[in-house]
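Presented sequentially are two complexes of subunit A, the first with subunit B as partner and the second with subunit C.
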Partner chain A sequence: MKAAATTMEEKSNEQDLRSTQVSRFGKLVNAVGIYGIALLFIVLGIVLEVTGVIHGFMTIQNMMNIVDAVAILGMVAVGMAFVTYSGSFSDMSVPTTMALTGIIAIQMLQYGFWVAITSALGVGLIIGLINGLAIGKLRVNSMIWTLAMNYVTMGIIRLVWVNKQIYPDMTGASEQSIKMFDDIFRYKVFNAISLPVVVLALMVIAGQFIMSRTVFGAHLKLTGSSRRTAKFSGINVERIVTVAFVISAVAATIGGLTITSLGRVGAWYNGSGYDFKAVTAVVIGGMALSGGRGSIVGVLGGALVMGLMSNIMTLLGIGTFSQDMIRGAIFIIVVGINAKSLRSLGRDDA
Partner chain B sequence: MPNPYEVWGGTMHNTDRNTLLSLGNKYRIYILFVAVFAFMSLFAPKFFNPFNLTTIMRSFCMNACVAIGFTIVLICGQLDLSIGTIITFAGVVGLGLKEQFGYWGSVPVAVVCGALIGLINGLLVAKGKISSFIVTLGTMTILQGAIYQFTGGNSVSLSSEDAFAVSDFLSKQLFPLITPRVLITLFLAVMGEIFLKKTRVGRNFYLVGGNKNSAWLAGINTDNYTIFAFVLSGTMAALGGVLFAMESSAATLKLGEQSLMYVLSATIIGGTSTAGGKGGIMKSVIAILTLEMLYTGIILFGLGNEVKIFIAGLILALVVLYEAFAQYRHEKTIGRKPSLMKGAGTKA
Partner chain C sequence: MSEQEMGIALDMKGVSKRFPGTIAVDDVSFQVYAGEVHALVGENGAGKSTLMKILAGSFNDYTGEIFINKKKVQLHTPFEARRNGIGMVYQELSLARPISIAENLLAGRLPTKRGFVDRKALYAESKHLLAMVGLDIDPWMPVEDISQHEAQLVEIARVLGAQPCILVMDEPTSALSNEEVERLFGLIRNLKKAGIAIVYISHHLPEIFKIADRVTVMRDGKKVATKGISDVSHTEIVQMMVGRSIKEFYNREERQISPEIRFKVSSLTRYGFFNRISFEVKKGEILGICGLSGAGRSELARALVGLDHTDEGTIELDGQQVKSHSMASRVEQGIAYLTEDRKTEGLAFRLPVDDNIMSPIIHRYSKFSVYSKRKGMPAVNSLINELAIYPPDPTRVVGNLSGGNQQKVLLAKWLASSPKVLILDEPTRGVDIGAKTTIHKTIGNLAKDGTSIILISSDLPELVSLSDRVMVMVNGKFTREMKYEECTEESVLLAANGEGGK
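This part shows the complex of A and B:
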């Protein structure tokens, strides 16, 4: 929401004075700042380990756990970042997109591994297109629409698979395809780095490249900053927003396949909670909810901080539900600080 | 998002107010209500009998109560995603503290909790200048954790003598179709409607939602109204939740799980715009009743709960899409001469 009208003039003056003060260095600090926080969390973990409060933080196994947990969240968050960047807050249909595409993949596994993957990606693409067309073309309120889509997809899952969970080895798929499906999460590239991490790295690089080096990225930035201006500059904002939602849905599909492979089960609850976790990672990673500001590298840092935080909290013996409360509080605080600092720079934050 | 053409929209709307189509659109919820009622009475087995109708009235209470506050938030141009968890929270608090304080102590505590959550939402939205979607998404997550923290993951149920007495009282049939809880809900709905339409404070909500800047320039403290709307929403959600829990003497952790979907779709079907500034409480309440009849009918046709969830989601999506489409068509005509639009409007 815009601030009151009388302060507008004042604000534009302020902006003239201050816009030059954000230097290149300041931008760099903004982008890598989140990694500083991640480093702080690691130091905190080491300190707690040394003082004997927690045990097992510094083991290789635990580090691998953190990385794996970050991988799935990171995939979803990278996709979500495009939606946030385009000024549409967040994609609330992520949880059931993850669940549905995972179930579809397992269902189609009997026709071969690649068919399964392709059909899952196809379903994700369709969900993204529906979201994108409704929000981009018809300008539906993005939160309400994706929430509705979430319910519809949930309804489809409940309707077709009637509360049943499906397992890869129950679908009559060949040994090899089951093995390959299990390997989505477990395969080690060069026997060292797990596949999800590689996929995440590729997604981050591609995402960062698209956002900062392509015409589409520039259009996306302008659309996110001011949809009106973008439209009047001749940018096809409908298409830009649609593509952003398609990217989000496809990224959610990749995350969904990974989480389904992790649990070796396709069920409606796969991916629940990932909408909020992903948008928190995006926000902590320095992306403005009003759109047009932030970077994918920052979002990766956000996901890393989320992973480290929940790992340390688990080691401290804090229950999942308390973690939810803490996460929610941090989310609101970070958003509040973001909004406040942007406003004090004279940039209106929605 | 504030629509800079709100004033334009207002005048343009006036010119074609009297066409049959726009009149039908304005009162669409009453038409829908009659249509669904007639259809279900004719075709759904065992629909039209006193017992079933009373059941519908009783199950509509909770969401109707929640819709009263939710409508005000929506009119104010904001959204409250946390109502579902406030319902559950109030339910488990109201029943959980009953052993220590009795209902006279625990119910007010539950309702005040709801109001406080609403106050926090409102303060963050109005003073913190954070988008209401985001704030309430955060409070929703926090409350979800708090509910599990409070209950340890188990449902709360009471089996003492006086709890059952209260439960019996709330579900006792006073007149045909009317139990005390229905009466309370209807009373609140009527009071809410009068408050919103006939008092100055109530009417100001429309102005704040319709165009925040001109409301502010007209001397309305928009921040306070936004906060007030969220407090009302929290209070009503808590009241709905705790009354439902008292009647069934039990509060599961899924008490308010589907309420957000129902209340949101009903409020929009009822004609309250998600852009703010339009709508009414009575329409939302009738819409809740309509949906309740529809869903009961679906079950009576022998279709499962899965179909119900699917259709509920589909209805929400369609309604949101319809509203956006109307707005889209409306925005296409912005800037054209309203006087010329008049003739075109009646034909289309």
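This part shows the complex of A and C:
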């Protein structure tokens, strides 16, 4: 009986073989391919430099600019990736989370560097918890909720700090605290690698590990793939989604501290644009917007490509608005290709 | 008047459809007369769905010829199929839930007047279509406010609105109760009288004997035979489907039921769903729960496993009261629930077999919350073997498996949790006979090994033959308990329809 039943179904399964292989191949392309694309951008930059179209691409200073830009975007994107992976699309409250936590840190710097950092992380944690509980428990649409959260946080910043920008040396903080805060962005580990790059590397390693090896990661994957199935498997999906948003907010806080240290100023505009840039990095890094698919390593590649692209466009003299337009177009194209290739694999649920 | 006189409505000649590496439909010739109900049967993967998809215009690369009313047609797009008078009623309803019945019925061809929707005409036209399927409901009602049965009829009405000459119905009764099925059959008979050719796909053979005039059996992409329904027996059809003679389907093995009470439920109540439910299940016993859809069976199951809250009553496992309310902790204590809806609740279709099977118990293979998939693989592989999941490849994405194999993966997922009490909700819905037999055998073996099983099923032969006792549920209450000896399909059905039935 068993054997017979098996042959019976052989046929329908054989016809699916191809699509599985394609998707496995696709996975490989997603994970590795993004670095190929990054390499292409580097080659493009070199070609443009050699042919004299742009100047200064191959300088050490420029390479460092790229790495620094990638570091901040990468931090935010790694956190955002958890939200996307959980099937909640994206965390649009990232920009003001970055701004507010940076401002909080500077405001608290007078009580010492570590107090400042802890307060910033605490505020980030609270924002993440509020997002997560609303979206996980109350099942509010994540995009709408986090977008609203972004405006609420912005309102708080404008209300409390009345458009004022605050500087570390204005707050009566000690020389040492100010120096340490400045060093968040500027410190060189072993006198060579900048601290944000090291932080990003640690975040990528930790993120990749959490996603692929821990029970939380497995539950997150199931929740992202099919929230209802996860619930019917006994998984506390509310908690899983909440933790994903907390991770995103804390990662945004780390990014916010870094960008605040970079500018040596706490201001409402710190972090603006990072919502969309991070989602784009997540998506071109091969993570499915519908959740449950992709990797942190891929997302890092996505951030790298975004950084290279911005750099080359800036060197080409393309204005900020045009750059935004191009980034938007790329986002649309990638999401479109993603959806189309999934549909052609017969899985239009994604 | 014989069907032949009314002429051949659909004539498919030597139709084939290849997929890379396989032929899904292999040189099939298939004729349907106007005014007949033609059943199309075969196991999952036999090619019947692909054949019907060809008819629906899903493929532009089939070979062979198709004639509709003796005119040669090309069905390369769904539009061409519709224009040539083919109507498809799918198993999954394709209605938009928040909008009104009327707008659903006439979607895509709303009557307009000077550029605006003509509400009056829309109302009249929908009323007319609803009357055709015997529904007297307000067309302005949103679809989400009507019952599953009514929605199914609305779906048919919508397809009828396009005035098809050939109507394909794919498992139209899978979500309906017996009474509702009868009403649907009444409608089908009317359509027949109107001269519409009906292709009726079903896994449920007794239905076919009730409604079909002829039956075509497919196996491995080929047509096995077309027979008049009166010239063929139930067993013969099954033999043609599986390609060999089989013994009695539901072969009951004698089991020893231990006197030990494993699971005890006392006056469990969830207001509005079920009321004062009490029962006991012994170690190694299979308790069947029977009832019409909407009687509260699934709601009870969900409450037992902790997915829904309860308002009153207690649950005891091995003499200990189950206090925790989370499903995760109940799974840990040994209560498992196999949902009736494998597609959206049971499995993650985009994930591979191993991830699905391990999902509820991944923490058991972990240390400090870091898991080792490798440690769980022996259990996964042995379940794949035991249940003959095909292909026996744990990395295969579940959505790419056939329905029967998906259901086996779902069963494997809960077997992996080694439950003491396993609640099965429609464990063989929509699966082929091969998979069904494997699943039944597995359920029997589990009981033999001492697992207590609560079996909820609308498949009466399954329920009657597997269960040691059957509890009948009507409107959220247990109304009767039947011993195995008293259980026949008829007696159980009568009880489920309310004592004595109508």
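In this text, the second predicted complex is superposed on the first by the 323 of 350 C-alpha atoms of A that agree within 3 Å, B and C clash if a C-alpha of one lies under 4 Å from a C-alpha of the other, contacts with A are read in each partner's own complex, and residues count from 1 in each chain.
The rule is simple: a residue touches a chain if its C-beta (ideal position, glycine included) is under 8 Å from a C-beta of that chain, and two chains touch if they have at least 3 such contacts.
On a predicted model such as this, the values are computed, not experimentally measured, just so you know.
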Report task. Please work out whether A:219 is in contact with subunit B alone, subunit C alone, both, or neither, and reply first, second, both or neither. Result -> second
Query raised in the report: Who does A:331 touch here: subunit B (first), subunit C (second), both, or neither?
Result: first
Query raised in the report: For A:111, is the partner it touches subunit B (first), subunit C (second), both, or none of the two (neither)?
Result: neither
Query raised in the report: Between subunit B (first) and subunit C (second), which, if any, makes contact with A:187: first, second, both or neither?
Result: neither
Query raised in the report: For A:35, is the partner it touches subunit B (first), subunit C (second), both, or none of the two (neither)?
Result: neither
Requested in this report: Considering only touches as defined above, state whether A:156 meets subunit B (first), subunit C (second), both or neither.
Outcome: first
Query raised in the report: Do subunit B and subunit C land on any of the same subunit A residues, and which?
Result: 1-5, 349-350
Report summary line: Interface with subunit B, subunit A side, in the complex: residues 1-5, 89-90, 134, 137-141, 143-145, 147-156, 158-159, 162-163, 276, 279, 289, 319, 321-329, 331-332, 335-336, 339-340, 343, 349-350
Report task. Note which residues of subunit B are touching subunit A in the complex, please. Result -> 1-2, 77, 79, 81, 124, 128-131, 133-135, 137-142, 144-146, 148-149, 153, 212-213, 216-217, 222, 260-261, 264-265, 274, 304, 306-307, 309-314, 316-317, 320-321, 323-325, 327-328, 331
Query raised in the report: Of all residues in subunit A, which touch subunit C in the complex?
Result: 1-6, 8-20, 23, 213-216, 218-219, 221-222, 225-226, 228-236, 292-293, 347, 349-350
Query raised in the report: Hey, which residues of subunit C end up touching subunit A in the complex?
Result: 19-22, 24, 43-47, 219-221, 242-244, 246, 305-307, 326-328, 330-331, 337, 339, 344-351, 355, 358-360, 362-363, 366, 369-371, 388, 390-391, 396-397, 399-402, 404-405, 413, 432-435, 437-438, 441
